[in-house]
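Okay, so subunit A shows up in both of these, paired with subunit B first and subunit C after.
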Partner chain A sequence: MRNDERSHLIKFLEKGLRFDGRKLDEFRPITVEYGVSKNAEGSSRVKFGDTELFAGVKMSVEKPYPDTPGQGNLMVGVELSPMSSPDFETGPPSPVAVELARVVDRGIRESKAIDTQKLCLTVGEKVWMVAIDIVTVNADGGLIDASALAALAAIKDAKFPSYDGLKLDYNNHTDEPLPILKRPIAVTVYKVGRHFIIDPTGEEEEVVDARLTVTSFDGKLCALQKGDLTPLSLEDVESMVSLGLMKAKELARHL
Partner chain B sequence: MGLLVNDKQIVIPGEDLASGMDFLPSHGTFRDGEHIVAAKLGISSVDNRIIRIIPLSGKYMPKAGDNIVGRVVDVTINGWRLDINSAYSAMLSVKDATSEFIARGADLTKYFNFGDYILTGIINVTSQNLVDVSMKGPGLRQLGEGRIIHVNPYKVPRIIGKQGSMVTMVKDATSCRITVGQNGVVWIQGLPEDELVAVDAIRKIEQESHIPGLTERMKEYLDRRKRKVDSNENKA
Partner chain C sequence: MKTRPDGRKFDELRPISAKAGIVKNADGSAMFKIGDTIAYAAVYGPRELYPKFLQDPTKGILRCRYNMMPFSGAGERVKPGPSRRSTEISMVTEKALLPVLNLEDFPNAVVDVFIDLPQTDAGTRCAGICAASIALADAGLWMREMVSSVSVGKVNEDILVDLTYEEESAEGEVADIPVAYLPKSGRVSLLQMDGEISKDELVKALELGRQASLQIYEVQKQTLLDKYRGESNEE
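Entry: the complex of A and B
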């Protein structure tokens, strides 16, 4: 049946259509909400069609890592809640969740979206630690793009908690936002047969051959991630990257 | 004493439907001492002494005689286990699957493989809710290339219509092949543009099934959508 579904999807793609009537390079309706969690320093809720997830930012003062004594720490975690899909189980993070977290992390880290030097309080002693956590509410495909967008919206929403040099006060927040330099947008391009699609639904995602996540900022490439089993040719990568760069502009408008 | 609700009234779980022993509880209701109480959200139906509830939504409950669409989730030594969009799974044994001779220990995935969708009929549901299905019956077959959509099982009678009138209308208007399982799993096969119209039409029936004049509205809707598809084809 997997093959039946795939060949059926390809018949649609030949006509420039998707199972839900979209075009090949069209996103589902996207919504981004800010400040949805009371306890987080910054938070967001992002919906891509039926896919829905939350992102939250917590900040604390920690010791810096030995290799970056003058920079703040960044950490991204993803929880694929078992309530959000029958494919997700409880227990330690699955390889899917780890990859998702790493791709989101890499997008923010390698584009230098946050000015980590400004997060340093005392070199080698005290720095701000920014932890971004993403939780899925409903998983219907396109999780990478939605997670990256939610993470970005959450850090955009975040405000520093009060800190007097000794104690953190999470009940009082300053008006100071995180030092954000860039807004890296992830667009994952999927290959099915000879077609390229973006933002697949859950059922489309099951039959794709390969995917390439293109994280970019202002038309400049920041990070890439190739996934799934089929290899890609050089021409494939070129057209996928250019589609990803183009669509990132569209996605950036939702922030 | 007596009946506390009218026929075709919306009732909520826990609501008293009748008191006294003059009435009998049927589907979606239960007796609690003197009272008959609603167990589901739905529309009451009073037929002489029998009170039942037609639920507005919920999972499919297997019933002998239903034709349902199942997906193969396991291949065992003597048959296939099917996911039937219910809390219970169904078992299709080799002897009910085909009239062909299948040798003991043969590779059963050659007949139905993991993920295949098949239209089967329920032959028996035990008191423990073990569901036995069979492929022996008119029209029962494996469903090939096409798409599967899930609808509310309690709206299936409206999607099919009287003597299949509604589904026939959608089939004729879209020239798609459509199979509606009693369990709310619908298989559709057709040309891409037509299939999209069929899916939208079924979703519309599901959503507006409670509003009178559905058949007229659907006829008009399908005409409008079809004209649109035709004009797009002429342009292309």
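Entry: the complex of A and C
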């Protein structure tokens, strides 16, 4: 069954087309909305075709991690809501959700997207914690790239809550945005047969051979993640990274 | 005449908008927004229930899951995953919806209702039930009637409908009473209360709520009509 669908897709790709008429390196229509949840410090709703998800930022004052006493804490969580697909179930985060969260987290962390030193209030004692949570509403493929873009949009939208050194006041936000230094963009390139595609629908995603998430800012790589079963040749990796870098520029324009 | 912090009359609902069919993967779905509280509901099923020991060979079962998105609440982040609060709300939501369904034709099956809230300002379980009710109808399930839910309550001397978080957390004598009404039969399938209120005031509050629930019912009906006429009334 899977093989039939795979060869059917490959037949299309030979002609330079996808099932929905897109080119191989074409995104679906993308929308990014900001400020969609008023209790969050920052929020966004992102759609890639029929894939739709929310991202929200909550901030709090906490103790720094022992190995980074002078830096704020960052956390990314992903919830693949059972609302968004018949394949997702209630319960603790699945390995797929954890991988997704960690790939988004690494992109933001390793690019130093947020200046975590500026999130330090008192070294070793008090720092800002920035929690970015992503929740899917409808899952139709391409979740990694959509999640990473939504996370970035949400931190871009975020404003510090008022803090007088003792108490946080979530009802009053300051005008101060998060100290954002870089904008890491994730583009996942998928391999099917000898073809490379981006932003697959759920239907396409089921039959791909391998994927490589390429996260970059200003043409520089900051995180990679290979997924699925088929091994990649070094030539494949080079082509996929090139495509990922090129498409990141296009994706960045949606912010 | 006295008004409320947001200028509403005592028996006035916050602005409502709703839309059916917002989650493409689901068999039925709806968004229900009342004031700043937004609930999404998606229905999957009837589908086969696993693990098998949960199956009931005499009828299908209803399973609800209420979930606030981690960033949706006033104040601190809501930790993802089930809490005592969300577990209880999921359970009472099930009990609020089940009386209008007839699952006897679906032995061994489950109807799953997933409610996610991206933004909240009190009345979340009621908004969830309103959204779920539209979503169940959108899924084509046979229903005796809709379920229209709203909170009523008392803030100091005043009996109010559809309390905001600000009203709920006011100083003094406050009662918060989420109710789910079955608008046609006039019965209630969810009734909870915390706070302080006299019996007479409770009766008055429940009557105010009934009137308000009829307005919600009209919105729910219109939302379904709009979808099946190929239109929407989303803002």
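The criterion applied here is as follows: the second predicted complex is superposed on the first by the 255 of 255 C-alpha atoms of A that agree within 3 Å, B and C clash if a C-alpha of one lies under 4 Å from a C-alpha of the other, contacts with A are read in each partner's own complex, and residues count from 1 in each chain.
The definition used in the following text is that a residue touches a chain if its C-beta (ideal position, glycine included) is under 8 Å from a C-beta of that chain, and two chains touch if they have at least 3 such contacts.
Remember, predicted model here, so these are calculated numbers, not experimental data.
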Which superposed partner A:11 touches (first subunit B, second subunit C, both, neither): first
Greater residue coverage of subunit A in the superposed arrangement, subunit B or subunit C: C
Subunit B versus subunit C as contact partner of A:81, first or second or both or neither: second
Subunit B versus subunit C as contact partner of A:54, first or second or both or neither: second
First (subunit B), second (subunit C), both or neither touched by A:19: first
First (subunit B), second (subunit C), both or neither touched by A:183: neither
Contact footprint of subunit A on subunit B as seen in their complex: 71-72, 113-117, 144-147, 189, 192-193, 196, 200
Residues on subunit A engaged by subunit C in the complex (per definition of touch): 36-41, 43, 45, 50, 54, 56-58, 60, 77, 79, 81-86, 90, 92-93, 131, 133, 135, 137-140, 170-171
Residues on subunit C engaged by subunit A in the complex (per definition of touch): 22-26, 29, 36, 40-42, 44, 47, 65, 67, 69-77, 80-81, 112, 114-116, 118-121
Subunit B partner contacts - residues on subunit A that touch it in the complex: 1-2, 4-5, 7-8, 11-12, 15, 17, 19, 21
